[in-house]
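Heads up: the structure comes next, in structure tokens.
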């Protein structure tokens, strides 16, 4: 069965390692914070100027001066630091963040990603996404494998305006975990109960299936 | 110190000289750390044809949303404007020019402007629409885009505390774009929650030294929250 | 926080992996704010053929002067080396390559290295020997030099206090080049006067967030003064 | 009579204005701090990371962590701020300093300056001087008009390696105050008792003398 949002986040969480500095994008990526394995510690970076983001505040802890990149009220953990946007993106652009997780509209077999604009329809801006994909090699993209109408989001070539070129190597969808290299999607894991045929059918870009493809282990 | 007293008594004085067609930077991330009183005053002044540089464009009816309603902005340079329906309308209709700029590139362009760096290379945006018409160059096998810096006629920033000499400190994530914008303004006006005497701020922990600040005013702040998000106990 | 405890127990551990031929940045301005114990340890290790990036080169017999005596430096990148007779001798004789770099350009090249900026333009040095062989370009009628950024294999910095997670604060003018170098090291080792627990440093006033620091050691410091200058009461 | 070091500093001090942020170089420029007019306030910037430099410390106030760009122990005034070298040169390069005073070996009639190197003889490095001359239009160079052997230091074209090109507009020597523009030195003031002929004789570059040239007023 296809994964739900929480399960996608759970699968991404298994990419975390003890001591990682991590930037989580808006949407499903934010949920990853709920599934950090108990035996490891990670520090969350919020690009508006916070290293060491904690959980949402209790009702009486809400602080307008303390928000995350999604403009939600948050808290800071012990050992956190605040800094300017320039310093924040020095961290990001300078490759000091160990892992970035972000959503996308489309990803293609060359690792290009489109996530910020649908011409004539949606004009919100790229925020920090272009900097994030340029800043680290270790990026996980989370998205549904196909749109509600069944159109694949894993393409031969992105059709929407790009966020970055040749920068994505890992994708977790509701159907699979795939790696991107040498101009193709490599199927590494299937969502529990999802067939290779279904994944093949919903992947428009070149898909390479080698050997036995195990089911994901969640949690 | 006579020559170093940056305190002004009124918003009129704080924004004296601001004129149609100027470039204005406005600090803040969303509604966090914005100079509320200065924004309100510019709305009342009705200054037009502004080039406005700010990470976001406020929300409908508040903050920079008021300048949009008033049609005071000719060109907007931002990274993310998703919170504002009127913005999208003005953009799509072509009533307002919009230069969407990646957030880190925007922050660095402003820092560079304040630091006398006319342009720098960044990998951000290479191969995307952002790089269109810009010089690119390879360093060590990777491709980069040349980004020119940004400066302003007026930078309107918000700080937590400021001493009378213009030294500023910010609080939590309300710092965001304010320190860089303070350096990049021909005239930088800081609106603060509290004005203190010189010596009350720890010289080791000044976020913006007074050399960057021309005018200082005590504001009052509503501090509206965009996304109040809580957990249960 | 297991994964975030940066504290090491010995200088051996602090400098593990440092090898001949590497690039090492060393913080400090003159003898102010230098990582004394780490410099001493590198001298004892005898690591050779180093490219050393530091604003100054110590004095005869102390600080980086010891690396000079030991002939450990192949290339030195500095802005000012006037305090050191041996330095001049090694330079003029050609035993050591020296790349003299304007102080502000040096600081900015290191900041750029840490911030993922491969190169930037500056007016500093245009038309001088510093610009030889470098690209130049005109912006707005003024000429600028393209300066590539600098990074290091190891950055050795000195801070006042550090918490176990690597968050650092500096004191007075002992800050100088240390914060930028901390960002530009593949491995950054911070030698501090005092190690404190997370939470003891004000999160609003961290000068170097722990993300930039890989190892932290408590040092002891002589704090020699180069030019003791006093006035009478 | 030719001015002594203190008198040169005194003349430079009359260029100060209330509210100026000022960077004073090593040597004679440092002495300018002793002649700040009583009715104005200036803030001294030291490029190693201090805005608001005070006088030298009393013997029991000496603090190794607090030095100036000449590595001398100093103090900080009320309202001072410390910052990194990158931030310090952001101030300087970004033209936030109102006045820079520095020494030189040579200045020429096109406003180029040589101050950091005598090939084969003196190799100290440029420190912050190249950044300082690039960072502001308002620079005063202090120097003796000629060397001890009588060789002019105000030249048609600098002979030593340059610190900056076409950037100097004001020179205070032991003999005169001159402005540089349109490819010439313009004599504006004479040191008390110094003749125009002596200045003319010791100026190798093109010297323009227009009208009455007043004597300097010191202090």
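A few remarks follow.
Residue numbering begins at 1 within each chain, and the chains themselves are lettered A, B, C and D in the order written.
Note that in this section a contact is a pair of C-beta atoms (placed from the backbone, for glycine too) under 8 Å apart; a residue touches a chain by one contact, two chains touch by 3 or more.
Computed from a predicted structure; not experimentally measured.
With contact taken as defined at the outset, chain B and chain C are each touched by A, D. Taking A-C and C-D together, the chain pair joined by more C-beta contacts is C-D. A separation of 36 Å divides the Cα centre of chain A from that of chain C. Chain centres here are Cα means. That of chain A falls 55 Å from that of chain D.
Between chain A and chain B the centroid-to-centroid distance comes to 29 Å (mean Cα coordinates, whole Å).
Residues of chain C in contact with two or more other chains: 108, 111, 115-117, 122-123, 170-172, 203-204. The set of chain D residues touching two or more other chains comprises 76, 82-83, 89, 92-93, 134-135. Screening every pair of chains for touch gives A-B, A-C, B-C, B-D, C-D.
Of all residues in chain D, only 17-21, 40-43, 45, 51-52, 76, 78-83, 87, 89-97, 134-135 touch chain B in the complex they form. By the touch rule above, chain C contacts chain B in their complex via residues 108, 112, 115-123, 137, 139-140, 142, 144, 148, 169-172, 202-205. On chain C, the positions that touch chain D within their shared complex are 29-33, 55, 78-83, 88, 91-92, 98, 100, 102-108, 110-111, 122-130, 160, 170-180, 207, 223-233. Residues 46-50, 55-59, 61-68, 70-74, 76, 82-86, 88-89, 92-93, 112, 117, 120, 123-131, 134-135, 161-166 of chain D are the ones that touch chain C when the two sit in their complex. If you check the complex, the residues on chain C that touch chain A are 1-4, 111, 113-117, 163, 165, 167, 183, 198-199, 203-204, 206, 209-212.
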